[in-house]
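Dropping the structure in here first, questions after.
Order as written gives the chain letters A, B, C, D and E; numbering starts at 1 within each chain.
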Amino acid sequence: MTTILEVEQLRTRFRTDSGVVSVVDGVDFSIRAGETLGVVGESGCGKSVTSLSIMRLLPPNGSTGGTIRFNGKNVLDLSEKEMQGVRGNEIAMIFQEPMTSLNPLHTVGKQIEEAVMLHMNVSKAQAKERAIAMLKAVGMPRAEEIYGEFPHQLSGGMRQRVMIAMAMSCDPKLIIADEPTTALDVTIQAQILDLMRDLKEKTGTSIMLITHDLGVVAEMCDRVIVMYAGQVVEETDVDTLFESPKHPYTIGLMNSIPELDEEREYLETIPGAVPLPHQMPVGCRFAPRCTQAMPICHEKPPELLQLNGQKCRCWLYEDKGEEA
Amino acid sequence: MKTVRKFLRNGLGVIGAVIILGLIIVAIFAPQIAPFDPNAQDYNKILIAPDGEHYFGTDDLGRDIFSRVVYGARISIEAALISVGIAMLIGVPIGLLSGYYRGFWDEWVVMRSVDAMQAFPFLILALAISAVLGSGFGNAMLAIGIGFAPAFVRITRGQVLSLRNMEYIHAARSVGVKDARIIFRHILPNALNPIVIQATLAMASGIIAEASLSYLGLGVQPPTPSWGSMLNQAQTLMSVAPYATFYPGIAIFLVVLGFNLLGDGLQQVLDPRARK
Amino acid sequence: MMFVFRRLLLTIPILLLVSIMTFSLIHMIPGDPARVILGQEATPEAYQALRSELGLDQPIVVQYFSWLGKVIQGDLGISITDRVPVSQLIMQRLPATVELTIGTFLVAILIAFPAGILAAVRRGTWIDYTSTFTALGGMSIPSFWLAMMMIIFFAVNNQWLPSSGYVPFLENPTQNLLAMVLPCLATGLRESAVLMRMLRSSLLDVVSMDFIRTAKAKGLNEARTILGHALRNAMVPVVTTSGLMIAGLLGGLVITESIFSIPGFGRLIVESVFKRDYVTVQGAILVSAVLVVIVNLAVDILYAVIDPRIKAGKGAGE
Amino acid sequence: GGGGGSASTDGGNTAAPAPATGKKVINIGLKADPPSMDPNSSTSLYDRQVYASLYDKLFDIDTDGKVVPMLAESYEVTPDGKTYTLKLKQGVKFHDGTDFDAEAVKFNFERNMTGEKSRRKGELKFVDSVSVVDAHTVKIQMKEPFAPFLSVLTDRSGIIVSPKAVQEHGEQYLNHPVGTGPFTFVEQVKGDHVTLKKNENYWNGTVKVDEVNYKVFTNGTAKVQNLRSGMLDIIDDTPVKEIPVVKGDGNLQLIAESGLGFQGIYLNNSRAPFDNKFLRQAVDRAIDREAIVKVLFNGYAAPAHTAFTKGSLAYNEQLNTPIAPNADEIKNLLAQGGKPDGFGFKLYITTSPENEQLGAVLQNMLKQYNINVTLEKLEYGQLIETGDKGEFDALQLGWSGRLDPDLNIHDWVVTGANNNNGRISIPQLDELILKARGELDEAKRKALYDEAAKLLQDEAGYAYMYHQYVLLGMNKKVTGFTFVPDGIVRTATLDKQ
Amino acid sequence: MTTPLLEVKGLQQHFPIKAGFLKRTTGHVKAVDGIDLTVYPGETLGIVGESGCGKSTTGRTILRLLEPTAGEVWFDGKDLAKLPKEEMRQMRKDLQMIFQDPYASLNPRMTIKQILLESLMVHNIGTKEERERTIEEIIQVVGLRKEHLNRHPHDFSGGQRQRIGIARALVVKPKLIIADEPVSALDVSIQSQVLNLLKDLKKEFNLTLMFISHDLSVVKHLCDRIAVMYLGRVVEIADKRMLFENPSHPYTRALLSAVPVAKPRQKRDRILLTGDLPSPANPPSGCTFHPRCPYATEMCKTQVPSLSDIGEGQLVSCHLVQSGEIFR
């Protein structure tokens, strides 16, 4: 399988009132053609910032370093104009809030059409046709009517379908879905995940699926990266992740979630809270919350180690692995 | 403290604060700063253009314009504080009660009255009120204050409406806190930021309104040096002594700018909507 | 159009309140209209005669209702001092004010839109700071002082533009326009500052919204994102402000009108207040309130045009 | 001077309408709106400016301030001063084509004397009856002799309007005025302008201009600007501060003449502190009239100490010349008045900037003698009412002035008279003035007024301060102008080059 | 069985929909449309359901933070729904609430001390010293320290704030606590801390809890009995074990099957519901679930099912289950 996206040493900083903060700090990962990569981690660990860095859609106070190689070229070297040709065309995005991600003043159809016209060099009529076809493809009933409707006339689930239709409309090679179902109810989430899986199978697009729900990861993903405080702490395929997670954070995370099909008197907890971006610990960023922390953990940041197909950023595995 | 630091980083707001601070200092130390008695008339020195002795020249009664401008700072500060104070005294409680209890009074009495008052052109309303009350500084302030009150009713009420559905208000109610305490301990302090911002901006308008009323002849009583009444008098001198118009106007401009900058700065720091 | 109709119904209590407030305010002003009309030459008999002629000896409530009764039939009454129908007085004065309002508004928009958009798009740059500072400066200039300064510079010292001398447009278009330049600039500059700030902050609000990110993620360039997606969304508060501004200008150009000797509507009200011509004041303020109401109505209709959610009753502006 | 010459060459806004139509138009700037075109109900000075074009009067004032016949051809008075017989001009027609005749005069008198809305009743209260002798002769019967009578007929009470128009328009006559004057009414836009056009059949010579426009300019500077730019040809009143501008402009001329009126302060004789004659005197003596005239008017006003101005029958230069304040005298007066350490009072003034300045100057002058003046501004209407009710210490209000001395003094000082806001009540003074009113012999009359003035000065019942000037600004292109002391511009003879 | 602590009968909460500029009521959002619930002393009753089904409204209406449209709320022998305002206010000592959003439920202008003291003060509990002691104790009970008392809410993380919210509810020693999604705004690692705390407190103070959540696994972890809500009504109530082992209402089953499980490769029969939650302003006729129900019959479209016992205290509101046609 070919690698379509390769992110190396991605570093994203923001200028803020309390100085420059490094929110994504040396993130490496790659996505292969046709695969679904899950990105999990708690709120604020830099998942969305990573995805926006790839799209170069950071707010003006943000800046990005490292390389993001998409189809061989470094996205960070492209001119803004070239980048506009990539967005929506080769890489498309789906966002968390279907309520607010659509322009309330334009019809649904127009918003899909706009992307099509922009990238596909077609007439307006053809664009409309394509938009309707896409609406049908995402399972919208009454696609022709919905085409002329405004977002507020649709329910949350339908809006998210519209977002997906829009993302798929130019046959992108990669879709970045940033928590596409978090705002939806479970029964609707099930519908949307189902749809995404179907579409992916049909078109072979790669998906970068950002989520904090391990259940969603288990259902959807081929491989997973676990992020903590702006860094990748573990990377592995999905089965390994659930069978033998390595990083204490990953382990803690898994054990702290109550499960439907097993009964536990007490949940495991990870003490403390995620450090703030401008107050990162010197050593391992997880060390202050880690029950297995050793002196070195507080002194020196660990590297991302390669442990036969699995990667882990932890001093515990220092002897067992090699540097990634 | 964080707010203060944040504010200090807001350049324009700080400039505004400095201007107003300067104005306050000038107002307090007017007797020390002003080289002449602001009301002393020297008929041998009528309409002298600005020079080393009379920095801003003299007016048609031979009074030193610089000294008058300096003393005028006092009136301006008072105008700003008193008119807005009155407006808040009227508007904030009404807004609080009306927004908290809603219902018929809120909808059909308070809000319709506010609508009606805001259907009047502001200056006309202030003019009519001050015509009723008679001219004079206090009455002008009352007139402007009444004129501004609806804006405070609106903004306070708007705040209350959004706050009364906040979870911590429900929390207070569920704990069994009485209405009065909820209104004054829980809602008011949290509604204060936009009110303070509005107050700052209203002070800017208050100064302009005082000047406008004075310009129309209904301001302070002579010979009190208010910038507005100085302009009123100087307008007869427009072609012979433009400087007499210039300096009081610049003074008004600066102070209003100060309040506007400060208000804007506060908004950036205090208003969660603008904070993003 | 049920919507418009209901909206109109709602204005009835407001208009009633406005009329009551006007009536009581003017009647509370010390100084008897009869006295004012008669001036220094009054004899006591003439004074009494005039009072009863004006109906001033009747109970105040009676006076109000007899006035109101006429107003409902479309008769604003006869001016106490001028002895002409108030409606005629108003019609004579409105054109100048309407023209001034339009001119002011044009000046305001022409400055505010480019400046506001630029400041929002280039947020945090020197362009933004400069325009914000300039706008705050513009808002801080007392417009009557600006008017005086403009007269001194353009008319007294240089005689480039007339400082006054309004003639109706139809009578002499060139002269009319020339005479309008300074007044429109003097008020327009300030209004443009208000509008620009509104537009800027509203655009900034919109630009930080998710759907703008969506638009960019589609590959739209900045210009198309701003003009195609952000601007229209940012219009709601701008339209509100514009509406309030136009409404305010229609009755509130008193000082500009008197400095530039323009026979406008605002001046009519002020003159009538001073003359205690309460019939005219009431009529004029009622008309100005009606104008406010009409402008608000227009604004509401505009909202519905801008924002499809409004028609569905899911108010976006609330 | 002369630098402003560019103004008149600036074709862009110089009387633009004139070349376009080839009409000769004279534009006259007025300080305030003329409220009524009906002399019967008029109370405004600005009305009178327009009436000069629209109407003729039975009598007029000549340049020397003498009463001369106008619509009257000649008149006779019986020696007891109680019957006037007026012969009227023949062949005069109203603008509506009806004839001016004795019936019209009788109609007008009766309308003025008895009309429900008449504001002329006061002036004509001594007229008993008016009868038509023949088509061009009327006889006026007086109740008692009234010396100012003819002088009254030089003003609004002497204006003869078309009876037909009055009957036709009734209440609305004021918006459809019809007179015999050199111009006929076209339109009035309240608050902005009155337009009149040439009366082609004017009885008193050919009218040379086609149109007269009276335009309202409340802002003095703007008015002068428009005079300079040629938009206006004449302005009724040049703000003192703008005089240098007018004088400095080679195209303009300033006509500065003493008017008929006076300005001063009502001291409330009926209540403390000014029920005390010495305190009144102290204030009166402490006012430095010369300084006021110099500072506030740059010399374009005359110091006043009586109600009479130059040109008036009762003018007495010596009496009218104020005495310069003398500190010792004032101190003395204060001591006599029981306030050796000074006192304070409240002075009501109007809201105009000029009046405020006057107030500030007075305040400053009196302060030197420990007399503390608190100023309070009242809007004009309120000021009049406050004066009427007598609820004040002191109040600044003057009079625009009339030619006959009686009209300048009677109402102000006679016990209980209309404008006697100061509540002056000096029996001896009342007697003198009433006597003067019935006295037809000018010399005797003058002597009575001299005595009255002296008495009034001694009592300091009203503190006269200055006589205002008529300050007409005029473009030099305007010709045919003659100044008449009432300050009203007669347009009949005007022309424009 | 013991006597219930709280008994809710036929509770309704209809919000008027005001439309048009005259603000006329054009309809009602039937947020809660006839609910019966019982809570026994010492138990934890869970309420689950999808967003907008009326969970929070139920909680708030029971506490009279919203005036109920109809129904009875029996607590301690009194019908809360009919209690005069002042009596209700005093009653609040026994009924407390924990809110969803830890960021919005604490007054940002008050210190933690002030927040906690206020509860005691309004009910005149204890002397000044006693109150201080009480809050010092309670703050430690929820895992914070005394020093924290003088800080403002913004100095705390979400999890800590939720602890404060819990402390506020506990400090007056209430008989019943209604917790409205107390953990759904928290990160998973924090969520588990709070859940564990609640579990501890339950034991320590023998709390009676009504726990509202949309997260089935959380409810399952904490609760003894569970009520499933759909569109303003309770469709199923059962003992936890019963509910998960034998879910009976078609909606309950769909809901359970839709929850993604952290077990890759595990293939499950998922019941995919079609369509979205209908609007409570215009609920479907009959059984409100019928348009989305794969088993719906004609009867379901017309007849409103009632909640009835299908054995072992499992109450289900479904015609088909009751008649034994499905899942029996």
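To be clear about the criterion, a contact is a pair of C-beta atoms (placed from the backbone, for glycine too) under 8 Å apart; a residue touches a chain by one contact, two chains touch by 3 or more.
What you see is a predicted model, and the numbers here were worked out from it, not measured in a lab.
Other chains, considered apart from chain E, form one piece (clusters defined by touching). Distances between chain centres, each the mean of the C-alpha atoms, put D farthest from chain A.
Just to note, of B-D and C-D, the chains joined by more C-beta pairs in contact are C-D.
Distance between chain B and chain E, defined via averaged C-alpha coordinates, is recorded as 49 Å. Computed centre separation for the pair chain A/chain E is 32 angstrom, with centres defined by C-alpha atoms.
Chain D and chain E, compared by their mean Cα positions, are separated by 87 Å. Taking each chain's centre as the mean of its C-alpha atoms, chain C lies 52 Å from chain E. Within chain D, contacts with two or more other chains are made by residues 219, 221, 225, 379, 382.
Residue positions 30, 151, 156, 208, 259, 274 of chain C are each in touch with at least two other chains.
Of all residues in chain A, none touches 2 or more other chains.
Residue ranges of chain A in contact with chain E, taken from their complex: 42-43, 155-158, 185-191, 193-194, 212-219, 238-239, 241-242, 252-254, 256-261, 263-271, 273-274. On the chain C side of its complex with chain B, the touching residues are 13-14, 17-18, 21-22, 25-26, 28-30, 129, 132-133, 136-137, 139-142, 144-145, 148-149, 151-152, 156-157, 201, 205, 208, 247-248, 250-252, 254-255, 259, 266, 269-270, 273-274, 281, 285, 288-289, 292-293.
Residues 50-51, 157-160, 187-193, 195-196, 199, 214, 216-218, 220-221, 244, 254-266, 270, 272-273, 276-277 of chain E are the ones that touch chain A when the two sit in their complex.
If you check the complex, the residues on chain C that touch chain A are 123-124, 208-211, 213-221, 228-229, 232-233, 306-309, 312, 314, 316. Of all residues in chain D, those touching chain C in their complex are 4, 6-7, 10, 12-13, 16-17, 20, 33, 35-36, 41, 43-44, 116-119, 121-122, 171-172, 174-175, 189-193, 216-219, 221-223, 225-226, 228-229, 231, 379-382, 384-385, 388, 397, 399, 418-419.
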